[in-house]
Structure formats: structure tokens, C-alpha cells
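Following this line, the structures themselves.
Both complexes below contain chain A, partnered by chain B and then by chain C.
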Partner chain A sequence: LTPRTEKMAVDQDWSSVYPTAAVFKPASVPLPIRMGYPVKRGVPPPKEGNLELMKIPNFLHLTPPAIKKHCAALRDFCTEWPSALDSDEKCERHFPIEVETVDYVSAGTSIRNPKARVVTLRVKLSNLNLDEHARKKLVKLVGERYCADTDVLTITTDRCPLRRQNYDYGIHLLTVLYHESWKTEKWESEKSEEDMEEYVWENSRSQRNALDTLLRIKASENLSPGTEEELLASEVVKNYRNSVIALKNEGETERNMSQYKECVKKLLNIQA
Partner chain B sequence: EEIVLPRKKTWDKLAVLQTLASTVRRDPTAAHYMFQDDPFLMPRNAASSRLFALSKESGRNAARYIIQHFPQYFDKTFAEPNVPCLMPETLTPQTEGVSEEALKEHICLRRVKESVDLFDQLVQAGTPVSLETTNSLLDLLCFYGDGESTLEKEEEEKEDSEEAEKAPNRQLRRGSQPAGTRWSLSLGSRENNNAERIFKIMPERNAHSYCTMIRGMVKHGAPAKAYDMYMDLLNQRHKADVHTFNSLIAAVGGRGRGVFFKVFLNHMVQQGVQPNLLTFNALLKTLRRCGGVGRSMSLLVIKEMEALDIEPSLATYDHLLAIFYRGVQLPSSGIICEVLDDVEHRSFAAQDPDDGAVLSAVSAVLQCCELKDIKLAYRLNKAMEKGDNWRFLDMERLNTYWSKFFSLLCMMEQIDVVLQWYREMSPSLFYPSAKNILDLLQALDAANHLDMLPSVWEELLDELLSLQSRDQHPQEIQLAFATCAEDIRAAHEPAGRDQAPLQWTGSSLGHVALLFSRAGRTQDAWSMMERFQQINRIPSEQVMDEFLTCAKQSNSADAAVRLVKLAASLGLPSSQKLKSRTKKEFELSEEQREALESITDGDSSDSDQE
Partner chain C sequence: MAAGWLWRRLCQGSVFPVSYASRITQKQRFLPNCDLRGARLAGSHADTQEPKTNPLVSVSDEPETLYKRLSLLVKGHDRAVLDSYEYFAVLAAKELGISIEKVHNPPKKIERFTLLKSVHIYKKHRVQYEMRTHYLCLELKYLTSSTAAVYLEYVQRNLPEGVAMEVKKTKIEKIPEHIKEPVWDTLPQEKETEVKS
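Right, the complex of A and B next:
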């Protein structure tokens, strides 16, 4: 009872030996494979009757030549890529929203998988038509779903049982967010300093303190006190303002601290 | 610039799978895909392949039977989405009561007995049953003919041996009963069966009723009655339709040396009925039986078909070939070339139940009529490979086709071409029969290529040995076989330095031992038996029995005792039987008897080692 591996030609067509996913058949696979825990001071067991080889899923039916053949055959089912979309950024310009869905395949009696209903929408906020207020409001509304580094808003929905419903819900969410962020409610005028996303120098304590200090310096030196606007418009105050804003918004770096030091020295006329 | 989004393509449900399947081709070293791909479980010859295929099919039928008859165990559906064809059928009629709608529903559900009973009840109660309903009832009765359609038919078929492949073959089996008995036996075993009775009590009959009755009678083997019914139809001045004419021509047309079908054809013309493909095929079928008249008529028939623009199907060609190549004389071999021309250029769809026969007919023609034209055979092969043409042949016919092809090859072609085809074709396409092996050996002999023998030797060996040892042959032949067996044994010894010795298999060893023992060469047979233990194989019962018989003939009780010892050490279940047989048939000396007694089943524990 010779296995048929001995009769196989070297240049045979392997995809016809294993056309579909099948168990590992040692008499049909002409490879001298060994697998398993080695015998004491010996080698792993051979392939004949090797349960380890039979248990695992094998991909003998998807060798690269087989995949090439499949792709060549399936080419007729595909349509052509539009010739106008030949770069990534053109794709993004014309189709800013990316929708991601996942299909699951498994061996079993049922083709359904509850994970398949998840839909993810991704959009860059720069592609949306938002002014400053709308953008800030949108970012506040979505919270964690916005990534400031890449400027991408990601909406993941799975609250509906079907994928189509989830997709519709995601689009609906996007639309509602957009429209809501353009509207201004009455109570938005009560936005206080703690609600601000970034540091604004005008009308802040730092501005008041700086002006206060300058006025007092001028008064103690008996110089003519200028108006606030002149003081604000002066060079030192402007530099001071920039350095404080940089410190607060960007955090403490070497550069920011040294800049702040210089500006304070200039403001208070201290020569080190 | 403008972005043009292409329109989405839609395709059939199975299209993707079919395209992927088209990338796969036949694997030359494997058996048919339906068999388990294991060297022990692959069928070795044509008989066992047929057996395996039939057993698979019978397993499927058994499963279907269980599902149909015990549907209460199959009510949970696991598959998502549900596969309705695998679940038990629930066909219970919905409408209650005795009414025409209930009758229509029973007819729809194909319940023959119940429909007839319901019809009788309706007639007795006096409610008029409409013509269409009665016609459909007649259709049902004439089509099924037997008792219940599905269940009883299955049980009936279980008792006969079942066909492996397609339905067209099944219908042909029923023709063995004498004509007319089936018609009366089937529809209730009474004098006037149900269909005729209903027909008679119908207040009005239209052409449809007559036609149904005629077709039913022809189908179930009462052609004389069918002809009478047709005369009735003509008397009533109704028109028959094309299917009726087809069945009439097939059944009755052959009588009277081909006169009758001319009558039918004239009637068709008179009634303005257009003939179709099946008409011409039925014509040709009857012409087969008409001998010389048939040849000239058949050409006319073909011309008519062309004139009417009907494409001939495979069955047409089958009948043609049968008409022209009946008997040994060949008037013209031109027909087969024309037929092949046509066949090559078209891919066929099954239109007639007899389509499958043509390809084996062609190959038979090629062989038997000594046309010996290998080019035609190659053309036929290529024509077969186009499209779906393979589906026309079921397993037995495929085997015969390839057998004949191979023998033609052996006769006509060079030896390396033959060997190449041999490697391609077996075991995936066919199993070489005895004749094929002989042809191959002759071809090898003729080409002085006997050194190629070892490479094909092993496959041939088993077949050869099993052939030789299968039956008991007269004494000279046994001796010849024994010399052959000796040569084979010599071939299994390590021959020159370069060749590896061939391995003994259990069955071949058994066969050789058998042959030796039948020829009376006890010593050689005994050395064979000893080898069994060497190669860790077990001899079959037949081998042991034969050896014992041979030992008896040569009156060597010693050998018998040794045999029983061997059987016990190998742990065979038949060792007890052999022991008792030895005791009965041989005259044993004292020590032999003691030795025999001491061989108890305790020895069998030794044989449990690896």
C-alpha cells in the first residue's frame, strides 16, 4: 500500500491536490514533516498518523500559486478603479468619510456573528465646514472620540442589531453633531474661564496683574501713567503676553521658560 | 476633473464558487473526489470503486429515509440560515372535508391514493368535479402509475440494487416486465384500473384527457391500448399534442416495418402539430429496429431536422450510430466523422434521457468496428472535455469508455505515449481491467521495453495475482500460475545492487501462497506463510483453508500442525476452527496430537506486540 506521494510528479499542479480546505493527509502531502514532542533523545514523531498535524488548521489549499490563480479568475468580478483618484489625498478630498466594517467567517453551523454589526466612521474635521466656535463646540460634544494629534473624529456604533442600521445611525450622529455645533445656545455665553480650551490672555488675571504692576511702577517712579491701551500695545507687554500664553498652552519647556524669564526681566526693567 | 464611479456588478449566487472551481484541474494520482483520500481506503479496481460509490449513495438514501420517517427527531434547526432541503418535508394537506379544493390540494401534494378516494367520494356525493380537476387527476395517475408516489417508490427501490448516478438511468430499469401487466397491476390491482375507470365515468372528455391516457398507457407498457385510445381520439375529432405523438411513435411506430410511424407523421401534418426534437429522437429509436429501411430513412430524418431548424441532441447521434454500425459490415465510415464534427463544435445540454449513451457508443464503434483511428479518438476526447460534457457519463460508462480508449491506445501508439497516458489516467479516471493489463503487457513486449515493467509492476501485480487466484482452474493452468508466482517471488528478492527489492503486501503474499498450495508445492507455500510474520501481516481465512487442504492432499500432517501453530501465534480468530479441522481430517501421531493440544489460545498473547 504505497502512499500516492511516490507517484506524484515534481511539477504537478498542487492546487488540484488540495483544492479546498481539508485535513492534513500524510499520504497525499509529499513533504517529510515531523511534528510533536520529541521522543526521549530522539526526533519528533513523523507525519504518518500524527494527530498534531491533523488537528491544526493548514493552509495547503492557499499556496501562493493557488492564490494567484484565484485572483486571476476573480478579476472578472471586479470593476475598475476610477482613474481620477490616483493619490491618497485626492481620495480624501472627494471622499472624506471613511466607513469601516468587518466580516467574520468561521467553520460551524451558523454564519451569523454578533461582532459583524459594528460600524466605524472616521472623518477629519478639517474637511468639515466649521468655524472656530463650531469646532470647539463639536470637540467638546464628542469628547474622547476626537483625536487632536491627527484631527480625526471616530464614531463607532454597535447599538443596533444590524450593520445597515448602525451605519445609518452613525451618519445621523455626524449630521446632528455638525448642525448642533453651528447653533449657539443662550447659555453658551456663560462660558467661564474654567470651560476654556486654551488660555486666553485678554481679561485674565495675568493681564490684570501685569497692568497693575506696571501702573504701580510708573506711579512710584513718578512717570506719567499711560492709558491701559498704550501699555497693552507696548512691546514689552506684548512679549510678556506671548510668553505667558506659550507657557500656559504648550507647557513648560526650556525655551518657554527662558523666554518668560527674558520678558519678565524686560517688563520689570531688571538687569541681571 | 470628473470622477466616474463604475456601476456595481451583480452576479449569480454560485458564480464565485464556479469561477474558483474552474481554477482546479484533475489530479492524476488521486481516485475520484468522492472517495476518501487514504491509501488504505482508495478503491483498487473497477468493481470496488463501483461498490464504494454505491455504498456512499446508499448511505445518503438511508439518511434521507430516516429523516423522512422520523421527523420528530429533527425539529431543531441548528443551521443559520436554515437549509430547508435537509429538513424533513412537512406535507400535510390543509383543507379539510370533501370538496374540490381538497382534491386539488391532494393532487398538488402528489398523494395518488388519497386523491382517487376523494374523487370517488365526490362522485358518489354527486358534486360535479370540473374538467380541469379531473384532467389533473388523470395526469397524476398516468404519471405515477404506482401506488403512492414518494414513500412507496423509495421502499421499492431499496429492494432492488440502486443506481449510483443519474435519474435517466433509473427509468430504463423498469422495462423488464411483460407489456400491459404493469398498467393493470399498478393502478390498484383490479380489472379496470383507476385511470381507465375515471376516464370512463367522466361526463365530458377533451383532447387533454385522451392525450394523458395515451401517454400514461405508453409509459406503463400497454401500447395496444394506447393505439386504441388514439383511434378513439381521432373518432372524436380531437387534436393530439406533440408529446402524445412522441410517445405513440416510440411505442407503436416500430411495427409493420415502419409503416405505422409514417401514418403518425401524416396525422401530425394534418393536425398541424409541430414536431420537436423528441419526436425525431423517438423516430430514430424505432428506426433502429427496422434494419435496412432504417438507414435510408434516418438520413431523411436528419434532413428534416435541419430544415425545421432543430439542433440534434446527443441521443440523435446515438441512434444514428446504432443504425449505421449495427452488425459488422460498414457501409460508410463517413458518418462517424460528421458526427464528431458536430459534437466538437457544440456543448450539449441534457435534453433527452438517452443522451448519455452516445459517447460509449462512439467509443464502442471505434473499437469494435476496427476502425482503429486514433485521431478520431483524440478528437472525441477533446470534445468531451469541453464544458459540461463529462456529466453525461456515469461511473460505469466512464470506466468502459476509458478502458476502450486505453486499449485503442495500446494497439496504435508508441509505448512511451501509452505509458504517459497510463500514468495520467489511472487511478484517477479509470481502473485498468484485465484486458487493459494484457494489452499493456503486449505493448510493452512489442516494444521490447520489459525493463519498464518494475515501475508499473506493483499496480499490475495485485491485479494479476488476484485474477489468477480468484477461481479454481484446471491443473495445468495451476502449474503455470505457480511458475509465475515463483518468478514473482524471485522479483521480490533483492535483485541487482541498484534496484530496491519490491515490498510484499499482505494480499499479494496470500495470493502467492494460494497459488503454490493449489499447485501442490507445499514447501514453497510454507515458506510464503512464514514470511507473513516477517512483514507483520495477517493471511486471510481463504489462504489458511486452502493451505490446509493442500497439506491434506500431500498428506503431511506436520505441515498442518505447523500451520495451526502459526495461526495461534498470529492470534487469528480462525485458529480454533483450523485446529478442529486438523484433528478431524488428519491422522496424527501421538506427539503431533500432544503438540496440537498444547496450542491453546494462551499463545495468542504473544501476538499482541507491535
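Right, the complex of A and C next:
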């Protein structure tokens, strides 16, 4: 009984020989394949009755012309991506919220995977309608979930059994955070210097010390001691203020330290 | 059945198992304002005085969800199988018009353990087994929900046996209505102590 491979034409339609995923049939595949560990001083075993070839998943049903035929039929069901959103920044501007979900496909006794219910929401705070106080309060409320470098708030929800419930819970959390941060409680007025996120020069020790020093210099030289507002408004004090703020907020860099040095020298009238 | 009709179109007349039947995909509109409707023709360069509408395609009115990124992580025991699968998935994405951002191979992980070789005693003679997991990561950009559904179903139906996949979808959306303005401004200011939800 001659195998089918002898009777196959060279230009036949291969997708009718292997329309779906099927085992490797040596009588239907006209290729001289050898697979397996070779015998001593010999060649790998031929394809007839070759278990190795039958075990491995083959892609004979997915040859390039077959894939093209499938995609041609499937193309009717696809829609185009809107051409107006061709870059990440435009997507960010028009659609600021990103929702990340994971699906798992595997073979096993059950198709369910408990990790599939996790939902992650990411928003940039610059896209939300927040004022200064609301922003600081929101950052304090969420704590670790906010990344200051990229200005992204990440909310990961896992507590509900279904993905839709987790997504709804995530949106609910976002809503609650937003509205709570706009509220001002009575005890927020007791915010002290340790709670401040960034350094504020007004009413700080540095300002008091500087003014104190200037007043004492003026008194010792018997000049007319100007009022505090005049001293504050003078150039040297303003430069000193800026340099101190830069030092505290941005950390100690070469530039900041040299600027501070110059301002202190000008403030205390020391030359070189 | 209509689904069987679809797959019959694919394989040109050969008999098909009905278990391959898929649902009829809903093609949805993106936004009511945008004009993206209409069935797209496969091979539209030929004839057509009037556009052929595929009777299986139905257009619905709800706006489509957009996926900024679709990340497929495929795990398998055999590198050759993953390579073939990569060729298939990349070709399918190109044919369907999906832009591929990156295709790369994260390093493989080998899990090894040591067991006793014999059923009883002989502690000094052991046997070692290992499980190798190779990875393939495909990152696709900018898909609509219909396109994503079509591509994922096609690619997952043809996933070879012994290979697993994780799909990470990043959906982008607008800010919901209730976060646009703080609700405290709109509530009536009769009492100071309002009920806060």
C-alpha cells in the first residue's frame, strides 16, 4: 500500500492536508525527516513509527499561507485603532487612567487561576482636578502607593473574588480618596513643621535667626534698625531665603552649596 | 451553524470538527463621534462596486475599550516549540495589522531537585531531575477590544499542548464623571455637618 506522500502533487493545497492541529502522520507528510538519538555509527531513526516526532507538538497546520488565509477571514472582525491617538502622550492626555488586568491560559484540571482577579489602577495626579492642599493630603493618605518621581498613583486591588468587583472597588477607592482630600478637617490646622512635605522658609527657625542676626548687626553698628518687613524684602535676605530653600528641598549639590556660601557672605558682609 | 460556516471558509471545503466553533464576534464602534464603522473588507483590492458586508459581523453602538499595551508571556519546556510559536504569533499580528513593540526571550529558569534513587535505603545514591521553563515575551501596542479579542482567541486556540500563556492587558480610560469635581461644592450648604459617604 503506497503511502499518500507518493501521490501528492508539488503544488497541492497544504491547508487541506493539515487543517487543524493533528499528530504527525508519516504517510501524509512528504518530508524526509529523521529524529531521535542516532544508533552507534549511524543516523537518527527515520520518520516511520517515530515516537519522538509524534510526541512533539507540530505546527504543520500553521504554515504561512494557512495563517494568511485565517487572518484574511478574521480581518473583518477587527477594528482600527483611532489614528488620533498615535503616541503615548496623547493617550495619556485623553485617557489618563490605566487599568491593568492579567489573564492566564494553561492546561490542567481547571481553567481557573486565582491570580486572575488582581486589578491594578494607575493614574497621574497631574491629570486629576486637585489643588495644593488636596494634593498633599492625597499623597499623605496613600503613602507607599504614590511614586514621587513619576507622579503616578498605583492602586492594586485583590480583596474581592471577581475581577469586575475588584475594578469597581478600585474606582471606588479613587473616588473616596479624591473627595476626602478636598475636605479640610478641623485638626488639620494643627499641622506642624515635622509634617510638612517640603521646606517652607516663612516662620521658620532660619528666618528668625537671619532677622535676629541682621538686627543685631545693625544695632551694633548703630545704624537705624529697619522694620522686619524691610529687612525681609531686601535683596540679600531674599537670596539667602532662596538658597536655603534649594538646599533643604533639593539636597546638597555643588551648585546649592556654592550659592549658599555666596548668600551668607553677602548677608554678613564678609569679603573673601 | 454559522460558526461552522466561518471555519469552512478558512479551510476551503474540508470537513471541520464542530468543537472549533467560536462565537460570532461583535464589532463595536469606538466613539459615537468617530466614524470608524463598516465592515473592513478582506482582499478589498478586487472588484467591489458595492462593499461586501460579511453577514457574521455585527456592529454595536457601545464605545470600544482601548488597550494601550498587550503583553503576552508564553512559557514552555521546549525552545524550538516557542520559536515556532513566535513566528506564528508575529505573522498573525502583522497580518491583522497590529503593531508589535518588542519580542524578546527572558532567560530560562531551571528548577532542580534531588531524590533518592532507591525505594529503600541507599542514601548515597540519588537521582536528580530538572524542569526547564523557557519564556517568550510579545508586546503589542494600541489595540481595540475587538481586535484584541480576535487576536487573543486565534492565538490561544492554536496554543500548542504543554505551553502556557499569561496575558497582561493595559486598558486606558477617561476619568469617570464623579472624580471631575469634588462633590462637596455641589451639595446644599444647609448644615455644616453633612453626611459624608
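The criterion applied here is as follows: the second predicted complex is superposed on the first by the 196 of 272 C-alpha atoms of A that agree within 3 Å, B and C clash if a C-alpha of one lies under 4 Å from a C-alpha of the other, contacts with A are read in each partner's own complex, and residues count from 1 in each chain.
The rule is simple: a residue touches a chain if its C-beta (ideal position, glycine included) is under 8 Å from a C-beta of that chain, and two chains touch if they have at least 3 such contacts.
This is a predicted model, so every value here is computed, not measured.
J.: Check the residue A:I270 against both partner chains and state whether it touches chain B (first), chain C (second), both, or neither.
T.: In the superposed model, A:I270 contacts neither chain B nor chain C.
J.: Between chain B and chain C, whom does A:A27 touch in the aligned arrangement: first, second, both, or neither?
T.: After superposition on chain A, A:A27 lies in contact with chain B alone.
J.: Identify the partner contact of A:A107: answer first if only chain B is touched, second if only chain C is, both if each is, neither if none is.
T.: The answer is second: A:A107 touches chain C but not chain B.
J.: With both complexes overlaid on chain A, does A:V43 touch chain B (first), chain C (second), both or neither?
T.: A:V43 contacts neither chain B nor chain C.
J.: If you count the residues of chain A that each partner touches, which comes out higher, chain B or chain C?
T.: Answer, by number of touched residues of chain A: C.
J.: By the touch definition at the top of the document, which applies to A:P57: first (chain B), second (chain C), both, or neither?
T.: Only chain C; A:P57 stays clear of chain B.
J.: One more residue to check, A:L85. First (chain B), second (chain C), both or neither?
T.: Both chain B and chain C are touched by A:L85.
J.: Which partner does A:L128 reach: the first (chain B), the second (chain C), both, or neither?
T.: second
J.: Pick one for A:D13: touches chain B only (first), chain C only (second), both, or neither.
T.: A:D13 contacts both chain B and chain C.
J.: Tell me which partner A:P96 touches in the superposition: chain B (first), chain C (second), both or neither.
T.: second
J.: Which chain A residues come up in both lists, the one for chain B and the one for chain C?
T.: Residues common to the chain A contacts of chain C and of chain B are 13, 15-16, 19, 69-70, 72-74, 76-80, 82, 85, 94, listed in rising order.
J.: So in the complex, the part of chain C that touches chain A is made up of which residues?
T.: Going through chain C, the ones touching chain A are 6, 9-14, 16-17, 20, 25, 27-28, 30-31, 34, 36, 39-43, 54, 56-57, 64, 66, 68, 78, 80-81, 84-85, 88, 91-92, 95-97, 142-144, 146-147, 150-151, 154, 156, 158-176, 178-184, 196.
J.: Taking the complex as given, what residues does chain A use to touch chain C?
T.: By the definition above, chain A touches chain C via 13, 15-16, 19-21, 56-57, 59, 61-62, 64, 67-82, 85-86, 88, 91, 94-107, 123, 127-129, 134, 171, 174-175, 178-179, 182-183.
J.: What residues of chain B sit close enough to touch chain A in their complex?
T.: Those in contact with chain A are residues 1-9, 11, 15-16, 19-30, 37-40, 42, 78-81, 423, 458, 505.
J.: In the complex formed with chain B, which residues of chain A make contact?
T.: It comes out as residues 1-4, 7-9, 12-13, 15-17, 19, 22, 25, 27-28, 66, 69-70, 72-74, 76-80, 82, 84-85, 94, 109-112.
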